[in-house]
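As written, the chains take the letters A, B, C, D, E and F, and residue 1 is the first residue of each chain.
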Amino acid sequence: MPLFDLPRDALETYLPERAEPTDFADFWSGTLTEARAVRREVSLTPFDAHLPLVEAHDVAFAGFGGQEVRGWWIHPAGPQPGAGWPVVVQFLGYGDGRGTPLDWLSWPTAGFATLVMDTRGQGARARRSGSTGDIGGSATPHVEGFLTKGIDDPHDYYYRRVFTDAVLAVDMARELPGVDPTRIAVQGTSQGGAIALAAAALGDRVAAAVVNVPFLCNPERAITVTDTKPYSELLEYVRTRKGDVERAFATLRYFDGMTMAAHATAPALFSVALMDDVCPPSTVYAAHNHYRGPKELVVYPWNQHEGGGDTQELRQIRWVQDLFGLQP
Amino acid sequence: MPLFDLPRDALETYLPERAEPTDFADFWSGTLTEARAVRREVSLTPFDAHLPLVEAHDVAFAGFGGQEVRGWWIHPAGPQPGAGWPVVVQFLGYGDGRGTPLDWLSWPTAGFATLVMDTRGQGARARRSGSTGDIGGSATPHVEGFLTKGIDDPHDYYYRRVFTDAVLAVDMARELPGVDPTRIAVQGTSQGGAIALAAAALGDRVAAAVVNVPFLCNPERAITVTDTKPYSELLEYVRTRKGDVERAFATLRYFDGMTMAAHATAPALFSVALMDDVCPPSTVYAAHNHYRGPKELVVYPWNQHEGGGDTQELRQIRWVQDLFGLQP
Amino acid sequence: MPLFDLPRDALETYLPERAEPTDFADFWSGTLTEARAVRREVSLTPFDAHLPLVEAHDVAFAGFGGQEVRGWWIHPAGPQPGAGWPVVVQFLGYGDGRGTPLDWLSWPTAGFATLVMDTRGQGARARRSGSTGDIGGSATPHVEGFLTKGIDDPHDYYYRRVFTDAVLAVDMARELPGVDPTRIAVQGTSQGGAIALAAAALGDRVAAAVVNVPFLCNPERAITVTDTKPYSELLEYVRTRKGDVERAFATLRYFDGMTMAAHATAPALFSVALMDDVCPPSTVYAAHNHYRGPKELVVYPWNQHEGGGDTQELRQIRWVQDLFGLQP
Amino acid sequence: MPLFDLPRDALETYLPERAEPTDFADFWSGTLTEARAVRREVSLTPFDAHLPLVEAHDVAFAGFGGQEVRGWWIHPAGPQPGAGWPVVVQFLGYGDGRGTPLDWLSWPTAGFATLVMDTRGQGARARRSGSTGDIGGSATPHVEGFLTKGIDDPHDYYYRRVFTDAVLAVDMARELPGVDPTRIAVQGTSQGGAIALAAAALGDRVAAAVVNVPFLCNPERAITVTDTKPYSELLEYVRTRKGDVERAFATLRYFDGMTMAAHATAPALFSVALMDDVCPPSTVYAAHNHYRGPKELVVYPWNQHEGGGDTQELRQIRWVQDLFGLQP
Amino acid sequence: MPLFDLPRDALETYLPERAEPTDFADFWSGTLTEARAVRREVSLTPFDAHLPLVEAHDVAFAGFGGQEVRGWWIHPAGPQPGAGWPVVVQFLGYGDGRGTPLDWLSWPTAGFATLVMDTRGQGARARRSGSTGDIGGSATPHVEGFLTKGIDDPHDYYYRRVFTDAVLAVDMARELPGVDPTRIAVQGTSQGGAIALAAAALGDRVAAAVVNVPFLCNPERAITVTDTKPYSELLEYVRTRKGDVERAFATLRYFDGMTMAAHATAPALFSVALMDDVCPPSTVYAAHNHYRGPKELVVYPWNQHEGGGDTQELRQIRWVQDLFGLQP
Amino acid sequence: MPLFDLPRDALETYLPERAEPTDFADFWSGTLTEARAVRREVSLTPFDAHLPLVEAHDVAFAGFGGQEVRGWWIHPAGPQPGAGWPVVVQFLGYGDGRGTPLDWLSWPTAGFATLVMDTRGQGARARRSGSTGDIGGSATPHVEGFLTKGIDDPHDYYYRRVFTDAVLAVDMARELPGVDPTRIAVQGTSQGGAIALAAAALGDRVAAAVVNVPFLCNPERAITVTDTKPYSELLEYVRTRKGDVERAFATLRYFDGMTMAAHATAPALFSVALMDDVCPPSTVYAAHNHYRGPKELVVYPWNQHEGGGDTQELRQIRWVQDLFGLQP
């Protein structure tokens, strides 16, 4: 049945209880303090993409644990505008890598500088190649994939490293030459949406968040309504490791998009697709409905995880342009 | 078995006999003469894509039978270079539509003007929406899809209309304001590659052809080695309409990429993927090996129909930049 | 879950609101008046099927737009009964063609003349070959298949042509030599059921309607409960063409089996299968419950889209024989 | 790859060695002598199918072991022709049952009497229901399905019972009232083709055999080139019962269509489909090429197991009409 | 949706009406009296499995109709304990066979003797080979597989023979040399769970029942919530044999695990998996909730038909050890 | 086609060139010297599995990098035989974990002590849970799964850590109390077979190797003949990371089972399944044919990756018993 989740009116008021760990704030402030302590110089290497309209740089910075994280830094050719570059920091979908600058022309063409951050360890399958490994490893077994890596302990969990990388990416973007530090947006779709939510919640002075069909919101519910990839990794985990289920759920509560949403205050544009069986609509509404800042939700009633596709792509550009006072 | 077609050394010398109809040239010159006779004014409507680095226009021109064909005309903002815009005319994959200007930023960012042509009737599923209907209809039944529409008679065949649209698109591009008529390339992937081959063979003064994993080459062989979409439409047709098989094959010979290749003289860059079960490698080699102009073939030994992906995307940009003497 | 739609008791009283366009009657009377104006002579060519018990003719008549529609006209060998032949006009399932007379022996063997009408454009895949093209084309893109062809405008919509063909087929049958014009039934399964409903609603003096697991009833609901072919074509359409959704739904309301049912008065025999995920039971009940004439519904509680199979085939023959006063 | 078996020229001369058991003739003459010894009266019950053009009877006769086998006996209404009814005995595909007389109108409408024989135990799934159980059971385990039932021993093997039923059906048909005993054809598709081959080889005075895409020919080869149902049952058997493989193959040699073919002398019409992955073409050619009587082979180069469909249905009717001197 | 059945709280009180046939007790006492009358000597043949820690015997006994049923009898090497061997009689899942003694080492290593009973006819596919045929056959057609064999009549039904075999296996176990007849448990998973329930209900003095994710409980509901194998066999049956549905359901009521449960009094350990789409949780709860003896239910909230896997395997050993007063 | 690889006679002599890196021996001696340097005490914790016939211990030892690797140490209850325990070190299939002692009763019941080694990081899906994480991480992205983790550099490659763990496991087993250090066999299936081959090649004084349908032999060929899991991970990698292909293949040459085979001298029992599309037969023959020690190959002509199943399980027990002079 294509429409498999809650009815639309129930979705609109769906506000499941968040089981925020009591030490949630401490956990993250400790993590970030430690991470920022080891921060080193950013490396920006000009990359000749043969694209005269833009300037592209291969960027490398110290992420979680001081490990190198790679990305692209792309902005229109020529000098920055008077106020400095408005910036969009982009996060990637599951399994995706940063690919080439050709993949990231929308925001620069729309007048923004963009920072595209690799998701550590990802980018070896699917259409775009990544350049960042995940040094961390995991003290316990995990399902093939990344969702359950280190899920036994929030300190060891894979997304602790990823979310920290994201906050550090925002930190870095703010200090790149020519940037307007007051106009930094975070943006992502699916896993990228989850990371954007985390960056909005945990990062400093994020000015806007664009969150499409986000992953990792209310995962405990997600695996009762969908068994597609990548939530299926969690399902396989709890099916196999019966004694570790509660611990896994406890870990996830430090990373749940619902809770991130409740801590984020920047204006946000969400999108949701009502037939999305990868990131089920109730889990997206859960995050949106808990979101603490000003927010807007674009609903695609007939779509699956492709969400609003290029309709939403146009819309999010215009929304950030408006918010940042750009005249296109 | 991922490697299902001929071994690589056999591919390199594979040159199947082309059964070019004796009236091939007449068929197409008659078709094009008639089509050009009804040509009307082009309509160029500025499209506000909120992308300050480029200028985008919604273009409409009279295609086959004078019917409206839509597309995008996008080039860098600002005046054309002294010699006029070098142009890349892009054709689309099966089922795809022109989408939005956001989908076509690579060539403009690389310094080209680009004309993106809708494939009539297509663009109602998959990720990008089209804006062009196919008025033609078909005097005989066809399999759901476009490959067998009107296949009973070359004059009624769907691709007669599409290939004519393509030649007219090149005609039109040549006359758009600011264009350098000596530097017009055609480009396409899969179905788009088939159309690009046809435009290179049948169109006037095409300066370069970029043909990725092209469809519609040696289709009679294709359906003995693959049964995936969209060749499967042809397979379903010949399975059902047993009395019409020879007639269908006879029609296809007016549209076969192998024969188009043998009539094209512009420098060409091909790419092929050796595990491609959508457009099997032997059919791509058949077109490449018959190609009459200067040619280069990029081989992706491990890939399926995704071909070279963004690796090839970068490569084709550089190849056309070099050929056209652009300094990126 | 095999039983995926509403519970049976809810089905029995399920009467969703019909959003009948205000100009529904005008739309169809205009369409039919125009169609009948261009009506030409029927061509009946004896077809030697090597079947001495029946007489078969290859029939061609002017359908929508005066375009040729083909079919079979088959009746028992020998002279008609005193009152003339009772007739069953049969319409086909999605993708099917008229095949050969061998496929249509049930009604003649049961004492009826039968007219089997090709569905224009269909019959190039699946088991039976068609002989009728769809000249019309479509002014807008459509999903591979027929369901969304011209869906942007009721005047351009594919089923406007098909339903008109059906009404003209009934007109024609009434005037064929030896026919009893007071005993003409329409019959169809799946898409054929939708056409039969339309013929019963829009045609003249249809004496009976046999409607098995009909397609195209309440399609807007259908695509919330099923995503199998061919409703999936509509789902793909609304997923891709987000701005055209309301227009597509508006078009469909001129063709919805629920509304046809509300306009039909001939005695009708329906059948429904409660596990049918191609034409979901709630959509069939919607049509049945809105049906204005005398009606009977046969429920197959465990079946999918195969419906009642040969059980229902026997039953419908007996039902029409009884209704028409034939003594078998 | 749709064309997966031997190339066509190799097929045409393909004549694999038959490993005919030395006691093949004794095995079958012993089996049939014993079976005929218990033969009892046939029961013919008029069946009111509401089909005035034909007369239908529900037939029951004593098959293997004296067990009741059911079928239909259908012929044109009215008296037989002077020479008596020409008869076609029809055997069914895997899993199929005799259904209703509506399913078997082709041959009667073409002027034949037909006897449709249930395949014991089958007819509880798929579109047509059977009425005959298989009392026999099996002394050893078998894969779900019928192909491996009793395969450990030729005397216990399921098809020993089925083939015996078939010979007795031909015996019975010959003695039914009004029959011309010199014009009895056997016909079948897939499993039905295998049974028809056996009846032609083992039965008395069969005048013609029509064998479409037959099953059970050269099965030891079949399971190296296909793993679809029902050959997959044999594959599962040999995968599980590693110690019983040779015994199973030894049993199958008493039932192999290749060997039946080498013993049959009636004129035969075969058909084969070159992309048939259910009954692979090499196994069909193996039977055809070994066939001892006059023979003709119709090749469908593009089809799968649907074979020639209604094209072949028309063709086989005309072939038998010609052979039997019927003037249609 | 992974969680597809009733919500957990509804499951806990789910107590669907049992339609126990009025002659249920007579049917089974008649069946068993007759079966026990023909009982013959048991054959125990030492089997050299090269496993010095245990003693294994190939066992053969007279099951239903006096037909030979095979199994393994395995216990720790050396003499039995003073009280005699505590015994676990194990029944197998659908399609499975007794395999080799290597497959059944858990209970012997845990200090029990075990009797593993073949399920007649099964064990020719999947991982373990069986050695027992099903002589019985069936007077009516059945779907490939065993679930619908003889379903037209409770006396002819396949599971009448299997459940009788099971009761006789328990009878036999009680009399094997060295056995403690007061400590005989029955155990099974899926089909084996259904057989264990039947043995507990119908057998003499069963001391414990271990029933994991049992099959054949409330099958009439099962086929409304799942269509996977093997319940799909029943679904195919009722879809095809529309006139035989009520009779089939009437037969099943003599074999329904819900009713068996209501007749069993031994302490029982059940397990259920809430995402089990092979034996849906509501059908398992139905049996558990109707169970008449002391009972315990282990719930695996995230699992499918694999149930509790080796977690449950350990648990059931400890449960029986505790119940039987073994000190591990 | 079930038989998809080389014909059997070609397999028997198939000896593809090994591209052994010139520093293969140095690479591994360096790796092992370093690994052994950090070796720490083994921890053996009695585990109460409630299984009186055996003694089970939860074992933890320092694997690669000194990281903890877990396993089971299980032997018959009671004192070791005079010569000490003969030992089988078992390695696991892809994704599997050590589970519980119940899973590993075959070798102990057959008179052996067994050491079951977790494969680091694995054991979070499928039927058995693991207890060992993979701390290592990877400096480059990898496909979900383990096959491509660190594949950019042999020093960073996942299997460097795993194979080192395996050698250390053999080292440890040799020194466990009561062990006969001259009778240590390694055993594994699929991935376990690859690890066993590596342990036989790289470890000290391994007395026997049992290698079933091994993974990781000639992987560069494997991905041309199969695209199933887990080789598909490598295929996805080379499809995405086009620039890293040669480097990945270069890394794999340090881990290729063909080369391990050429360095191993212990007597070996291999098994291969000719229809195995997970570990294709040509890759298994490649390892076997290159194997340097005495060897025996058991061929299962009809099986897929399940290989010989319990037939092979019995066979390997007897083979090791014979080799080690055990009298069962």
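Here, contacts are C-beta pairs under 8 Å (C-beta built on N, C-alpha and C of every residue); 3 or more make two chains touch, one makes a residue touch a chain.
Listed by chain with UniProt protein names: A, B, C, D, E, F = Acetyl xylan esterase.
Since the model is a prediction, treat every value here as computed from it, not as a measurement.
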If a chain touches chain E (Acetyl xylan esterase) and chain F (Acetyl xylan esterase) alike, it appears here: A, D
Same or different contact residues where chain E (Acetyl xylan esterase) meets its copy chain A (Acetyl xylan esterase), judged by the half mark: different
Chain pair repeating E-F, as identified from A-B, A-F or B-D when over half of the contact pairs by residue number coincide: A-B
Chain C (Acetyl xylan esterase)-chain D (Acetyl xylan esterase) separation of Cα centroids, rounded to whole Å: 37
Centroid spacing, where centroids are CA-atom means, of chain D (Acetyl xylan esterase) and chain E (Acetyl xylan esterase) in whole angstrom: 39
Residues of chain F (Acetyl xylan esterase) engaged with two or more neighbouring chains: 127-128, 239-240, 306, 309
Contacting chain pairs - touch in the sense defined above: A-B, A-C, A-E, A-F, B-C, B-D, B-F, C-D, C-E, D-E, D-F, E-F
Residues of chain C (Acetyl xylan esterase) defined as touching chain E (Acetyl xylan esterase) within the complex: 1-3, 300, 302-304, 306, 308-309, 311
For the chain F (Acetyl xylan esterase) and chain A (Acetyl xylan esterase) complex, residues of the former touching the latter: 95, 97, 118, 121-146, 148, 150, 233, 236-237, 239-241
Partner chain E (Acetyl xylan esterase), residues of chain A (Acetyl xylan esterase) touching it in the complex: 4, 223-227, 235, 238-240, 242-243, 245
Residues of chain F (Acetyl xylan esterase) that touch chain E (Acetyl xylan esterase) when the two form their complex: 48-54, 76, 99-100, 102-103, 105-106, 108-111, 127-128, 306, 309-310, 313-314, 317-318, 321, 328
